[in-house]
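Shared between the two complexes below is chain A, which pairs with chain B and chain C, respectively.
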Partner chain A sequence: MNLLNSCAPVESIQVLRSLRFAWLSIVRQPARACLAILGVAAVGALLFDMLLLSRGLVLSFRDLLDRSGFDVRVLATDAPPFTGPRIADATAVTSSLAALPELEAVLQIRVRDAQIVEAAAEPAGPRARLDRVDFIGADPQVRSMWTIVQGEDLPDRPESAPVLIVNEHLARKYGITPGSELLLRGRCESLSEAVPAVRFRIVGIADFPFDSTTARTVAGTLSWAERLCAGEGQDRAEMLLVRSKPEVGAFTAAAAIRAAHPDLHVVTNDELIERFSRVEFSYFRQISAVLATVTLFFGFLLIAVLLTVSVNQRLGEIAALRALGLSRSRVSAGVLWESVMLVGAGGLLALPLGAALSVWLDAILRTLPGLPADLHFFVFEPRALYLYLLLLTVASLGAAVYPMRIVAVLPIAATLRREVVS
Partner chain B sequence: MSTPIVEARNVSRVFPMAAGPIAALRNVTLRIEPGEYMGVVGPSGCGKSTLLHVLGCVDVPTGGDVLFQGRDVGALPDAERSRLRLREIGFVFQRFFLLPMLTAWENVELPQAEAGVSRAERRERTKELLAYVGLSARAGHRPSELSGGEMQRVAIARALANRPRLLLADEPTGELDQATGDQIVGLLDRLHADGTAVVVVTHDPAVASRARRIIRMRDGGIEEESIP
Partner chain C sequence: MWFDRGMVTPRVWLLLATVLIAAQAPAGTTVQPPESLPGILLSRQLIESRGLRVGDVVRLSARRGGQGARPFRIEGTYEPTPDPMRFAQPRLEARLHLPDLIALTADPSDPASGDSVTAINIRLQNPSDATAFARDVSTRLPGIVARPTRAPNDRTSTFLVLERFHLAIAIVTVIGSAVFLLALMVMLVDERRATVGILRLIGFTRGRILMQVFAEGALIAVVGAAGGILFAFATQGVFNRFFQWRYDTALTFVRITPEVVWQSLLLSVPLGIAASVMASWTLLRQQLLALIRR
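This part shows the complex of A and B:
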C-alpha cells in the first residue's frame, strides 16, 4: 500500500519548507551570502538615503514654515522675501488685514541693517567689532515667529523702552545674557550721515527658525526698528505674516486678503512649498531619482548575478531533486526565497547604515553658506520607508526571475547526464 | 498477465545537435513487471541512461509511448510527472546527489515531506529506512561527513522514502570501491527480495549478474535479453 496517496500536500507547510530550504542553501555558502548581504546593504543604504533626500528639503522647509506659526505670507511682489520692494503704508495695510474675519493675527515684519557698537563681552577676532546684525522689527502684541530659549519675550507694549531679543549665535559670540546691553547703530541706505547709536537691553535669547548657523539676528519692536534709521523706512514693511483662523484655513484666508488687497502678493505655506518643490528643490529630487535608480539597478544586478552563479553551481543537485519528484514550481520558489532572504537581510542592515550615512551627508550639506541652520536635506518620513521596502521587494523579485527561469526550464535528463560526464 | 509498472512501446529518443540529430534510443520495447529485477548493460553511449530516464519519467520520448501503470507519460503535464516520480519511482544516481546542507536523516525525510507525509509518519519511516541501510548511527551526519558507500546508502534510503514501486539505479557502484559496491549490490538484492521492482544500469558484470533479467543495449536498441 502506498501510504502517500491519502496525504495531500499542505501549501503553508510547503512554503515553510521552501523557506528553510532557501535558508540552508544560503548558509551553505557563507562567503557568497555575506557578499550578497553586504552588497545589498551598501546599495540599500544609498537607496534609502536618496529616498530621504528626494523630499527631505521639502519636508524640512515645511517644518520651518509651520514652526513660525503663520500660514500665509503677504509681500509687495512675487519676489522672494527680503529681496523685493517693501509693502508701502504697512501700518494701514496691517490694520486692514487684521479686520478681516478670516484672519486670526497679522504680524508686520520690518528688517533693518544695524552694526554692533558695543556689547557685553569682547568677541574673538580682529573684525568682530564691525559685526552687522539683522534687526527684525515686529509687533510684540502678536505672537511672534521665534521661540524664546532663555529670558523672556518682548514686552507687549509697542512703545516700551529699547529692548531686544537676540539669537543664540550672537549671544554666544558676545557673551550676551538676559539683562546685558547691546549698543547698535542703524546702517541706513538713504542717510549719508551716521545715525545715533541706540543702547538696547537684552530681555531674551531666542531661536529664529530661518537663521543660518552664523546668522546674527536681533528682534525688537517696530518702533525701535524705525528709530534705528530715524524713520527712514517710511512705514514700509518687508512682509506681513498672517495666521488664519483654524476653522477657515490658509486657502480661504489668502483669498480674502487677495480680494481686499489685489495689489499685494499673497502666498500660503502650501503654495510656497509647492513652488519650492517644483523649482528650487527640484535639483535634489532629480539627482536623488537618478542615483536611486542607479543604486537599485546595481543591487538588482548583484543579486541576479550571485543567484545565477549559485544556481549554475547546483544544476546537478537541482536536476536530481527534480528527478526525485520536486516540482518545477517548488525548486523555482526556493530560488525566489533565496533572493528575498538575501535582499531582505541586506535591506534591513541598510537601514541603520543609511540612517548613519544620511546624518553624515546632512551635516556636510548643511555647511553650505546661508542655509537656515534647521533646514535638513535628509528627512525621514514613513513614506520613504514604504517606498524603500517596495523597491527592494521589486528588486528581489526581479533579480530572481532569470535564475528561476534557469531552474524552471532545466532539462533533467540532460543535466544529470552532463553532471556524470563532467 | 499483470499490468506492468512501466512499459515502453517502440520508444525513440532523438537529441537535436548542431552537428545533426543523435538517436539515443531506437524503437525500444520493454515491460517491467512488479517486483522485477532487471540489469541494463552495454557500452558507453549505447542509451542505457537515456532508457532509464525515459522509464523514470524524467525525459519524454520523441517517438513511441511510455506507459506508467497504464498511463501515457508523454500526455501528462510536467507537474503530474513530478508527482508520479515523487510517489511511485525512486532514483539512485552514480554521484549520489545528496543535499550537502542536510543531514542523512533530513535527506531521507525530504521526499516524504515533499509528498506531504505527516511528521510522525516521516519520523517512523526515516528511522526504519536508515536502519534498513545500516546507517542509524549516522543519521545526524551531513554528506561531507560520510564515506562514498554511506552516501550511496543514504541515497538508496532516500529513493525508498515514499515506498516506490520502481527503483531506478544509474551506475550505483560507479564511484565506489569493490567492497563498498558489493554492499550496495547486496542492498539492492534485499530490496528486490522485499518486493520492489529494481532496474540497474551498470558497466559492472558482477552487478548485472545479480539481476533476474539482463538487457544488453547497443546503438540505442536492445541487442540481447537474457536471464542469467
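This part shows the complex of A and C:
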C-alpha cells in the first residue's frame, strides 16, 4: 500500500479506495447483494431482449430479401406483394425491362393456385388429396430465388415435359424425392373443375426463403403455370423481381424502371423494408420501445430504492466514518461505485440470461401463422449491446444520485447522537 | 359466416390509389347534376386526409393513370370497423354499391369478371348450423371456401401467439420484481432484529411472530396490488388515447378486464406474502441471543 501511495496518482488512489469501500459494503451483506444482482439480471435480460426485438425483424427481413438475390421489385400497384392486381402484358414488360442497361436480370413471377390430385406417397388422412399448393411460375433462364437442397433446378432449356421443384415441407409430407411424380389440377378463377390435371416430374427440392413452416410451394416454368388454367391468366404476373448491376445499384435501377414504366410500382429492398418497418412491423417496434422504457425505469427505481434503504440503514456507520476523517466525496463515491457494481454484475449476468430468454420468446413469436420459417424476431447486432450497456450505465448513475445526496448532506454530529441515544 | 374481406376491399385499395378529387368536372366532359350521380361512402380517415366533405363529387378509377374514371357523389362518411390485423395501415377506404364497383372494375376482355365477387356474407336463421352449412356448401360447390366466422383461423392464431408472448414477458417481469421484493424485505427485516429479539425475550413464540409477519405481508401485498391495479386502470386510458391518436384508429389496445384483475391479484399477493415470510423466517430461525447480539 505504501508503494501504491508513492507511485500512483492521488486521484487513482482515491478511486481505488472508494471502490474498496463499495466492495466491502457489498460483501458484508451477501444475501442482499446476490438478490439485488439477480433482480438486475432479470430486468436487464428483458431490457436486452427488447433492444434485440426493436430491430430484429428488420434485420431478419433484410437478410431474407438479400438471400433471394434480387434488389428491386416491380408490382402493378403499391399493395403488398401478392395481394394486389397483377401486371398486365407481363412478357412485354419483362422484355422491356431486361433491355435496360442498368439491370442485370428480370424474373417474372406468376403464382397460381393448384390442388394435388395424386402424389408419390400420399399422407394419411381423409383430406390428403385436397392439399392446395402455390404454384410459382418463373423463367428458368434467370437465376431463381430459391435454393436447391436436393436434386436439380428447373432446366433452362425449353422442356416439352412438365417438371417441378417442390419445397421441403411438401417433400417430407408426401415422401417426394427427385424423380417422383405429382399430379396437379389448377384451381382457376373462372373455369370449372373440367380443367385437366397435369402430371409433373419432380426434378428437385428447394428452400424457398419466404415459405412458412406449413407452406406448400411448388415451382415450374411460366408456360406450365399458365397451362394449369388453360392460359386464363392472360399474360399477367404477380411481380417482377429485378437484379441491378453491382456498379449501378438498386436506387438507380429503380429510377430507370420508373422512367421506362411510370404506370408500375417500383420498390427497392430498402424501401420495402422501410414500409414493412413502418406498417407491418410497427407493433413489435412499439412494444419493444414501451417495454424497454418500462423495464429500464423499473430497474432504475428498484436499484434506487435498494441503495436508499441500504444507505439509511448505515447512516450511523457513515457518520462515524466521516467523523474519522473520510471525505464527503469519498463516501459519496463509495455509494456510486456500489450502484455501478451491483448494476454491472447484474447487467453482465443478464447477457446470457437474455440470450436464452430471446430464444424462448423468438420460438413463441415464430409460431405466428404465415410467417417465413427463416424469419427471426430477436437478432443480435452490436448496436443493441452498446445501447444496452449505455442504458445500464445511465440507470446505475441515476439510481445513485439520491443516496449520494443523503450521504453528502448527512449531519455528522446529529446522526452520531441519534445512533447513541437509540 | 366468415367475413373474409369487405365486398369492396381488394379492389378499393386499387381504386383509392387513383382517387381523383374533382370539385368541378374536367373540361370537355358532360356535367351531370350531383344528385343524379351514384353515391358512395368514404371512410373518415380518407375524408380528413383529402379535405373532402359530404356532397362533394369525386372521380374514381381502377387504373393508376386514372383512365376510365367515373364520378361519384359522397353521400356520407363512416368509421371503419377497427381491425387489429391492420391497425398500422391507414384506413383509406370507400364503399360503393356493388353494381357500381363491378362496372368500374370489370375487365371487358373477361366475361366472368362482371359476375365475380370476393366474398358473400350469410346470416343463417339458426346460427348454430354454421359449421354444417359451411361443410355442405363446400361439398356442393367445389372451389368455394365456406367458413363459419367463429372457426379458428389465422387471425385467431395470431392473437393467441401474441397472448403467449405477453404472458412470457409478464412472467419474466414478475420474477424480476419478486427477486427485488425479496431483497427489499431482507433489508427491512434486518432492521427489526432488535424488535424481534425483544418480543422473543418477553415470551412471543416464533409462530406468533410469524403470523404477525404474515398478516403484515398480506396487508402490504393486497394494498400494493390494489394500488397497482388502480394505476393500471388510470393509465389504460392514456395508453389507448395515445395509440388511437398514433394510428388514427378506434381500436382499444389496453383493456383491464375482471380476469386480468384476478390474474394480477393471484400472482402478486402470494408473491408479496411469500417474500415477507421468507425474509422474516431467516431472522426467526436465529437463536435468541444472536438476535439481541449477545
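The working rule: the second predicted complex is superposed on the first by the 409 of 422 C-alpha atoms of A that agree within 3 Å, B and C clash if a C-alpha of one lies under 4 Å from a C-alpha of the other, contacts with A are read in each partner's own complex, and residues count from 1 in each chain.
Just so it is clear, a contact is a pair of C-beta atoms (placed from the backbone, for glycine too) under 8 Å apart; a residue touches a chain by one contact, two chains touch by 3 or more.
Model, not experiment: these values are computed from the prediction.
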In the superposed arrangement, which partner chain does A:E280 touch: chain B (first), chain C (second), both, or neither?
second
Is A:R258 touching anything from chain B or chain C once the two structures are fitted on A? First, second, both or neither.
neither
Go through the superposed model and pick first if A:P369 touches only chain B, second if only chain C, both, or neither.
second
Just to be sure I read the superposition right, which of the two partners does A:L291 touch: chain B = first, chain C = second, or both, or neither?
second
By the touch definition at the top of the document, which applies to A:R328: first (chain B), second (chain C), both, or neither?
first
Name the chain, either chain B or chain C, that contacts more residues of chain A.
C
Flag every residue of chain C that touches chain A in the complex, lowest number first.
10, 13-14, 17, 64-65, 87-89, 109-110, 112-113, 116, 142-143, 154, 157-158, 161-162, 164-165, 168-169, 172-173, 175-177, 179-180, 182-184, 186-188, 190-191, 243, 282
Sort out for me which residues of chain A touch chain B in the complex.
2-5, 7-10, 13-14, 17, 24-25, 27-28, 316-317, 319-330, 411-414, 416-417, 419-420
Chain A residues touching chain C in their complex are 31-32, 35-36, 38-39, 42-43, 45-46, 76-79, 83-85, 187, 189-190, 192-193, 234, 263, 265, 278-280, 282-283, 286, 291, 295, 298, 302, 305-306, 309-310, 313, 357, 360-361, 364-365, 367-370
Quick check: in the complex, which residue numbers of chain B touch chain A?
15, 49-50, 53, 56, 58-59, 78-79, 82-89, 91, 93-95, 97, 99-102, 110-118, 121, 158-159, 162-163, 165, 170-171
